[in-house]
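Got some structures for you, see below.
Heads up, the next two complexes both have chain A, just with different partners, chain B and then chain C.
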Partner chain A sequence: MKFSIRSIFISLIVSIMIVLLLQIFLQFDLVTSSAGSFVLNINANSTESANAVTSVVTYFRGFDTLGEVTILFLSIFGISLGLEGYRDKFNIFAYENSLLKIAVDTLFPLIVLFGVYIIIHGHLSPGGGFQGGVIIASAFLLMFLAKSNDFSLKHNILELAESLSGAGFILLGVLSILIINRFLGNFLPLGKIGELFSGGVIPLIYIFVSIKVSAEITSLVEYFIRIKDVK
Partner chain B sequence: MIGLIILAIFITLIVLAIAIIQNDDLPHSVVLFMGFGLGSVILYFLFSAPDVALTEAVIGTGVSGVVFLVTLLQIRSKEIKK
Partner chain C sequence: MLNSLNQTPFLHGVITIGSFIILMIGLIGVLTKRNLFKIFLSFAIIETSLFLYFIGMHFEVGKTSPIVSSGVKTFSPNMTDPIPQAMILTTIVIGIAVLSLGLSFIINYFKLTNNMRVDEMNELGEAK
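What follows is the complex of A and B.
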């Protein structure tokens, strides 16, 4: 690693400036800002979800979440369009590490279990569909790293899960239009705050989002790792 | 005390960011980038945003680092074979 005197000097000046700015920044009272406290006030009565971030993401701006999922789908679509001709069975991380191979058989179900826990407790604790989906995808990434060529995904199951979860998300919104006349509104019984079966439609939306995100990120990782060797 | 920790992590992050840019060795730069993600995870958590911290821990330090490393490996093998 190489540090020139100039870069150290620049980093010192920038950090001093940031410290001065931070002193101004920390004087603001962050708790009583208007939008956050308003959402926190109406959250408890309208969604019965213990995690206010989750209810903002899936209930108060559920349509934006649909847009985010669409953007993720379009970016993976673009990558697959560009890299389709270069895909091959060859794994770029062709390690033959027996310790990692044995350990990954134990670790893989544990990581998937942790991801499922993050997903279904999204309305109770930090986390949710996107985070849990990426955790499940990282379990598959570990599988790709450890088992070089004797591990392959079943592509038809992946595509089926991805398309069915996307369709399920939209169907939930359409069902909500038919029942309560609002897109992605809450038409299920709310339950009691803090219980697993509470929050109405929020856990269902997060389960659909998590299946979609995990399938997409897994296929992204596969595209990048199983790429044809450049000759 | 918490304020001091926050300031220390802020300064570490700035130094790390400049080190990432100034580094000549790109794999070192990727590893430093993952360390930058770890520091920002602690910052997000201290600023009471655990959801964002979880996302950054999975995306910033896990998946994106691997994607960068794979891309570097591809470029390396291309350069060696030329």
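What follows is the complex of A and C.
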């Protein structure tokens, strides 16, 4: 690795800029009363969800989460426009390990089960739809790495799951407009805090989000690991 | 001695300086590297520093996570702010989406031109 005069000069300028910015940022004080303390006050009565972060993501800012899922969908759509289709593509990298090839059949259901556990306990413990969806996608990544070209995704099931979960998310919002006159509001019985069936509409939203995220990240992994004309 | 280090202003200073060092690493990577792939990964490093700063500055010593569990029975002001954590959750997902879209653009550009270096781009026909 060689250092040119240009890179040393740029590093020096960036360092001076950062040190000047630091002097401003180190003087910030913490605000004691914020929107967060208000949310914590009303969370126990309005959602009955044990995890306040989950209730902010899916209930107080549920519309924002819909936009976030849309951005994820649009980026995957753009990637699939640019790269070619999934036919006649081969892995660019795989582990040629027979032990892993046998063990992955046992590991795959366990990782998926762990992801499902993270998803359905999203309103009780740390975790939720996005995290559990990525865990399920990591199980598919392990299958791609271990089984190389023997493993193929069923694309019609993947597309069906992805589109149905997105439609279900919007259907929940429209239903709550019809019933209680608020988009993505809570029209189900709230239950008791700390139980699995509590939080009203929050676990349902997270289940839809998790199906969408896991399908999208799985197809993303396939787009990046399989390329044409490589064998 | 360790108790004097476990104070909120000291930890905020450590988090600020640490996240700015990561920001510096990412900025230097963006400005000095010529490989498109490395430039985009440097953007990902800059994002990480922002996540660390945003979450870390809303942490205070003695506060619990905003989750009711067996130890903590009710929601109280003695919990950390849940809103920055929820916003960073949103930001991480959007960061993944944008980074993967950018990387796919780079792959397509490499397939079309067989070039991945910024200083050798000449698609608009400028004089060399």
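Definition applied: the second predicted complex is superposed on the first by the 189 of 231 C-alpha atoms of A that agree within 3 Å, B and C clash if a C-alpha of one lies under 4 Å from a C-alpha of the other, contacts with A are read in each partner's own complex, and residues count from 1 in each chain.
In this section, a contact is a pair of C-beta atoms (placed from the backbone, for glycine too) under 8 Å apart; a residue touches a chain by one contact, two chains touch by 3 or more.
In this text the structure is predicted, and so the values were computed from the model without any measurement.
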First, second, both or neither for A:Gly194, with chain B first and chain C second: second
Touching partner for A:Ser15 - first (chain B), second (chain C), both, neither: both
First (chain B), second (chain C), both or neither touched by A:Ser37: second
First, second, both or neither for A:Thr65, with chain B first and chain C second: second
Which partner reaches more residues of chain A (counting touched residues only), chain B or chain C: C
Touched partner set for A:Ile5, first chain B, second chain C, both or neither: neither
Partner chain(s) touched by A:Ile225 [first = chain B, second = chain C, both, neither]: first
Which of chain B and chain C A:Gly127 touches, first, second, both or neither: first
Partner chain in contact with A:Ser138 - chain B first, chain C second, else both or neither: first
Which superposed partner A:Ile118 touches (first chain B, second chain C, both, neither): first
Shared contact residues on chain A - chain B and chain C: 7, 10-11, 14-15, 18, 22, 26, 51, 53, 126, 128, 130, 220, 224
Of chain B, residues touching chain A in the complex: 3, 6-7, 10-11, 14-15, 18-19, 22-25, 28, 50-51, 53-55, 58-59, 62-63, 66-67, 70-71, 73-74, 77-78, 81
Chain A to chain B touching residues, read off their complex: 1-4, 7, 10-11, 14-15, 18-19, 22, 26, 51, 53-54, 92-93, 118, 126-128, 130-131, 134-135, 137-138, 141, 145, 217, 220-221, 224-225, 227, 229-231
Of chain A, residues touching chain C in the complex: 6-7, 10-11, 14-15, 18, 21-22, 25-26, 28, 30, 34-37, 39-41, 43-44, 50-53, 55-57, 61, 64-65, 68, 71-72, 74-76, 78-79, 82-83, 125-126, 128, 130, 193-194, 213, 220, 223-224
Residue ranges of chain C in contact with chain A within the complex: 8, 12-13, 16-17, 20-21, 23-24, 27-28, 31-32, 57-58, 60, 65-69, 74-77, 79-86, 89-90, 92-94, 96-98, 100-101, 103-105, 107-108
